[in-house]
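Scrolling down, you'll hit the structures one after another.
Below, subunit A partners subunit B and then partners subunit C, in two separate complexes.
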Partner chain A sequence: MAVRTAHPPDTVAARRPRRVRRRRRVPAAFYAMVLPAFLLFFVFHTVPVLQGVFYSFTNYAGYGEWDFVGLDNYAAMLLDDRIRASYLFTFRFAIVATILVNVLALAIALGLHARIRFRTTLRAVFFLPNVLAVLVVGYIFKYLFGTSLPALGESLGIDALSTSILADPELAWLGVVVLGVWQATAFAVILYLAGLQTIPGDLYEAAAIDGAGRWRQFRSITFPLIAAFFTINMVLSLKNFLMVFDHVVALTEGGPGTSTESVSMVIYRGGFQGGEFAYQTANAVAYFVVIVVVSVLQLRVLRRREVSL
Partner chain B sequence: MVLRRTVRAVAGLTLTVLAAGCALTGGPSDGGRTTLDFFQFKPEAIATFDRIIAGFERERPDIRVRQNHVPDAETALRTRLVRDDVPDVLALNGDGDFGELAKAGIFHDFADDPVVDTIDPGVLEIQQALGVRADGEVNGLPFAANANGMLYNRRLFAEHGVAVPTTWAELIAAARTLKAAGVTPFYFTLQEAWTAMPVFNAIAANTAPADFFDRLRADRTTFADGYAETGRRLRQLTELGQPDRFARDYAAGNQAFGRGEVAMYAQGSWTLPPIRDVGPDLDIGVFPIPADTPEATRLVSGVDVTITVGRQTDRRPEALAFARYLLRPEVVAAYAKEQSAVPTLRGSEPTDPVLREVLPWFRQGRVAGFVDHQVPLAVPLAPVTQQYLIDGDLARWLRTLDREWEKVARRR
Partner chain C sequence: MTAVPSMPPTPVPPSPTGAAPGGGPDRAGSPGRRRRSGVNWWLTALMVVCSLTVLVPLYFTVVTALKSPEDLGGAGFAPPTDPRWANFADAWRLTDFPHAALNSALITVGAVLLTLLTNSMVAYAIARNMHRRMFRWLYYYFVSALFVPFPIIMLPVVKQTAWLNLDNQLGLIFLYVVYGLAFNIFVYVGYLRSVPRELEEAALTDGAGIWTTFWRIVFPLLAPMNATVGILTCLWAWNDFLLPLVILSSPDAQTLPLVQYVFQGQFDTNYTVAFASYLMALSPLVVVYLLAQRWVISGVMRGSVK
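Up next, the complex of A and B:
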């Protein structure tokens, strides 16, 4: 019986004309395109990631000998208040910066989408920050915060301005927010502009005939219809801000004290400067998981309120 | 068949490209000449080392030395070590970082090399205390030493009738006199956390118990017990500095002192070249930050540059030849002169007039090493100290140091 039931498919396959099987085959060119990329990606991306996960279970200092320590690194992380403080700073910074970037970018995009004069020039101007390197801009902002603003504050007699906010542990994070928002808004504007172009103009005409004002049009037409762009902007901004590194390096180097140490900064400092490669690799693995979870949750929540025509 | 052949060809091609890429980054020889990778951490000394290398290459035309200097050299070196890529010859700062790498067995053992006997035993001892792979090994050759004290502007001191202080009380009195006369007594550059460390080290050498770190490692003392006075004095000194001390960086400090605007600047001899770039004619003096009595005062000195060779290098004979060349008396002396350093060879003396002022401390052996070299790098000593100088919470500073130390000790 068993032998008999196993036979029929084979015979069917054998009877099938050869031509059909050939046609089903994917042309080799596709493999030729995918394989080199796959190999490069695997060698330069996947292998190092796996290596990192592996090292997070050791006490490797980055050089010399090492032993397996199991989950010790992860356990020690939970008790490390320096790491805790860096998570707090990073999330506070990322949430504030994400909200600011999206509010600003949406406003600018609406303005640039309208039929204003010098529209193309203005669009180019607003895109400029995205082209400049954060490190370079960071040093300019550092000078602004450290020298120009205090000088201005002093000459105007405003006490609150006369000291550098970067020298104040309570306020330094705001300096990082200003730089981050300034730099990231440009890219968000581009995405919103693309979104605005997908909305057909007759919708607005119809709404205007029905007597909807500008605000009502924005609330009921524009915003719902660019929701997909809003989602992607929120997710990308938050993810990018959670990995903030060069902003901090350029402005404060984690200081004053350790008040603006982002998670990436702690990973870099502890791992490469502090000789705790394995420990900070564990931190990096854990943080990777945190970012993935946050992004997926965010995507799910925001997707729910998306609509399409 | 076609598919399989294509796949194989593509895979082969990719691997060839990868291999070629690897070969390009690691290819060390050109036309019979051996190329040495010389990793050097000191941006101020790039031109000086270029001249030294030119001299060596004239003598050994078969060797080419490629000087490799990057900003933030310590981090750059560690990222290379993770890839098992140790430079052939290295010039590194003789600090805690060097000690940790030496303990891990990254460097060559010079113990049997006659060149070791030419080095001043006192300087060698300071370096050996940082750490070696095993007892009896010598993992680096001290090339230049430094003096870490208080630089002062002689003209301003003379103008306001201030004498060089020999006790802590005199130092504070001198600062108050200068301040009353409208002169900024001290310039601090605490936007950069590390610039608190030279002062911290100088004060700690005279106020903290000498065996503190041995006892700390044995779990028999705490920062709260041993470092309260150091912390108090450190803050007392910085409060006499200029108001914007937390918004200024190292470069700003060198400029302010170089232009003769401030009376004192708590930095080491490594700062002399950049200061002289700004104020070539400035009349600079130096004294150790004093203890309560002149007899108890000790000068803090460390190995500014140590020369070493990678333990696993394939080009060992050439690397050792270059290392020995660097340690020749005329090379050491020329470097020390150009970089305002203290030469490290037996019987040699600094030529810099500023450094000759602290020669008595060296001669009498009243020298202490940098205490922060005893602190593992995973403990964020500099930022935590910067934080303390901002908020002035001594108890919290001591508590944080104790907690960080304990955490790192537990992880090791």
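Up next, the complex of A and C:
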């Protein structure tokens, strides 16, 4: 039924003047192409989303009987220290990691884009972390932080290094930042490289003739022209880091204490192992809202500064 | 992936530097550097030093995997006195490596193939019917899933897959295909809208059906996007930890990352064997990557531009 009423005159009329107006019917093949995917998507995505929202208003433990409890779960969340701590950790980690990833990736991309030797090899090396599983890399970093760096610190006589930062509740989050940045920079570098290649070289020549120095060229040409890539990288990084899970499991398992428990981890642990199915689903729904709001705000702010050629 | 809608809608031609890095003419120029000037050796040296941040942890993994427990002291950066290859044999046995690797491979190959076949098809149907309200809605319906974080569906979907008897490798394949749909539809449709329709219309006029047109003309035209989507799906399905962790119920179905997790718990102190195991878990994709890295990088780059 929706098919018959579709008539945005500008597009349809312009493209296929007569034929479309006469035969509005969509060939059955197009329906056949989307139907299986639509059904799978509905069953495995939409239904769980609706279920999640539904359960968040109940006291379901994952098994047995349940009742509606209205907004009780959401109210309880606000007073839950563990959840509040997980939000604090996650945001602190995500913001710091996002900034570091983008600064480093932009610098590396500029370096790889310049006239250097071994460009292909270097590019391959810098992208390598992206093909490695975070969980496994996390175990390697755990050993580096826990054993190698302290040993190194001791032999060099540096006190600050001689204990494991992962054992320090105040510093453990920095370990997660290092792992996150190490792994995520690779992908951001690729995006920035793609962006740098969209800038025509003559712009720099013109700027050089006008007497612009390198820093000025970067500020006035490079950065504004890759603003779209800056936006996508910032939003992608922040969103991905807000969902952090593997990094924490591999490095600290949320510890020491609960100092590095991320929101995803609290939802996983409480929901599957703590009998808090409905409660943690409410947490997930709330977190969904938070992520959407953050992403939209971020997009708005960042897009305002974008320019195009 | 929420950022994707902010990308410029106009396609940018694949860059020469992406396809033939280093060799080709430097079309884009180098920021702040004169065009005809030679190689910047200072910058090269700086970049090489920076690349050590990637290489040193990998070197560390390799030497640790080759040490004997007695060798393992201090910071651990020294090469092993006598390479102990038996670590790999031990890790192979303890993790039942072939079994886990086969599971990972099965899931990855299944997810990639099914994703390429179905998602491109859906994107084609949507892209060529965007003027119809129903398909436009379908597009927004799929793409809106970019905003839904996994934890919100994690608990219900686990119940559901268990109920449907899909808490196994097949279920995981389905989930990767479905959860990748939002992003893939987005890039495929964006690309298809920039592809001229003359070829398809010519085929249709010549009497080819829509299916024939799709398989003979559209699917091959999508090759660059297929590469991007295939690579990203492959990396995701092979390396993923959370989805297999929550979905798979039988120990028989465990994937490589999961096996490392279990391994970590059981053999906490056996570091040298653990590192051999990590190395074995990481190496298949590294080997593939080293063989295909130009292609991988330019594929991912193209996906990002579109």
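Annotations for the structure displayed:
Everything that follows uses one rule, which is that the second predicted complex is superposed on the first by the 280 of 309 C-alpha atoms of A that agree within 3 Å, B and C clash if a C-alpha of one lies under 4 Å from a C-alpha of the other, contacts with A are read in each partner's own complex, and residues count from 1 in each chain.
Assume a residue touches a chain if its C-beta (ideal position, glycine included) is under 8 Å from a C-beta of that chain, and two chains touch if they have at least 3 such contacts.
Note that the coordinates shown come from a computational prediction; the quantities given were computed from them, not determined experimentally.
Legend: residue contacts after superposition of the two complexes on their common chain; A:L88 is shown touching neither subunit B nor subunit C. In the superposed model, A:L71 lies in contact with neither subunit B nor subunit C. In the superposition on chain A, A:G62 contacts both subunit B and subunit C.
More subunit A residues lie in contact with C than with the other chain of the pair subunit B and subunit C.
Of the two partner chains, neither subunit B nor subunit C is touched by A:V103. Look at A:L166: by the touch rule set out above, it reaches subunit B but stays clear of subunit C. Contacts of A:L40 after superposition: both subunit B and subunit C are touched.
In the superposed pair of complexes, A:R303 makes contact with subunit C only, with no contact to subunit B.
In the overlay built on the shared chain, the residue A:F277 is in contact with subunit B and with subunit C.
Once chain A of one complex is fitted onto chain A of the other, the partner contacts of A:V293 are absent, as it touches neither subunit B nor subunit C. Shared contact residues of subunit A with subunit B and subunit C: 31, 36, 40, 43, 62, 147, 268, 272, 277. By the touch rule above, subunit B contacts subunit A in their complex via residues 2-3, 6-7, 10-11, 13-15, 18, 74-75, 78-79, 81-82, 97, 100-101, 103-106, 190-193, 244, 246-248, 376-378, 380, 383-384, 386-388, 390-391, 403-404, 407-408, 410-412.
Here subunit A touches subunit B in the complex through residues 25, 28, 31-32, 35-36, 39-40, 43, 59, 61-65, 72-73, 76, 79-82, 146-147, 150, 163-164, 166-169, 253-259, 261, 268-270, 272-277, 279, going by the rule given at the top.
Across the interface of their complex, subunit A is touched by residues 1-4, 6-8, 12, 15, 17-18, 21-22, 26-35, 37-41, 43-44, 46-48, 50-51, 53-55, 57-58, 60-61, 64, 73-77, 118-119, 121-122, 124-126, 128-138, 142, 145, 147-160, 174-175, 177-179, 181, 209-211, 214, 235, 238-239, 241-242, 246, 256-257, 260-261, 264, 271, 274-275, 278, 281-282, 285-286, 289-290, 293-294, 296-297, 300-302, 304-305 of subunit C.
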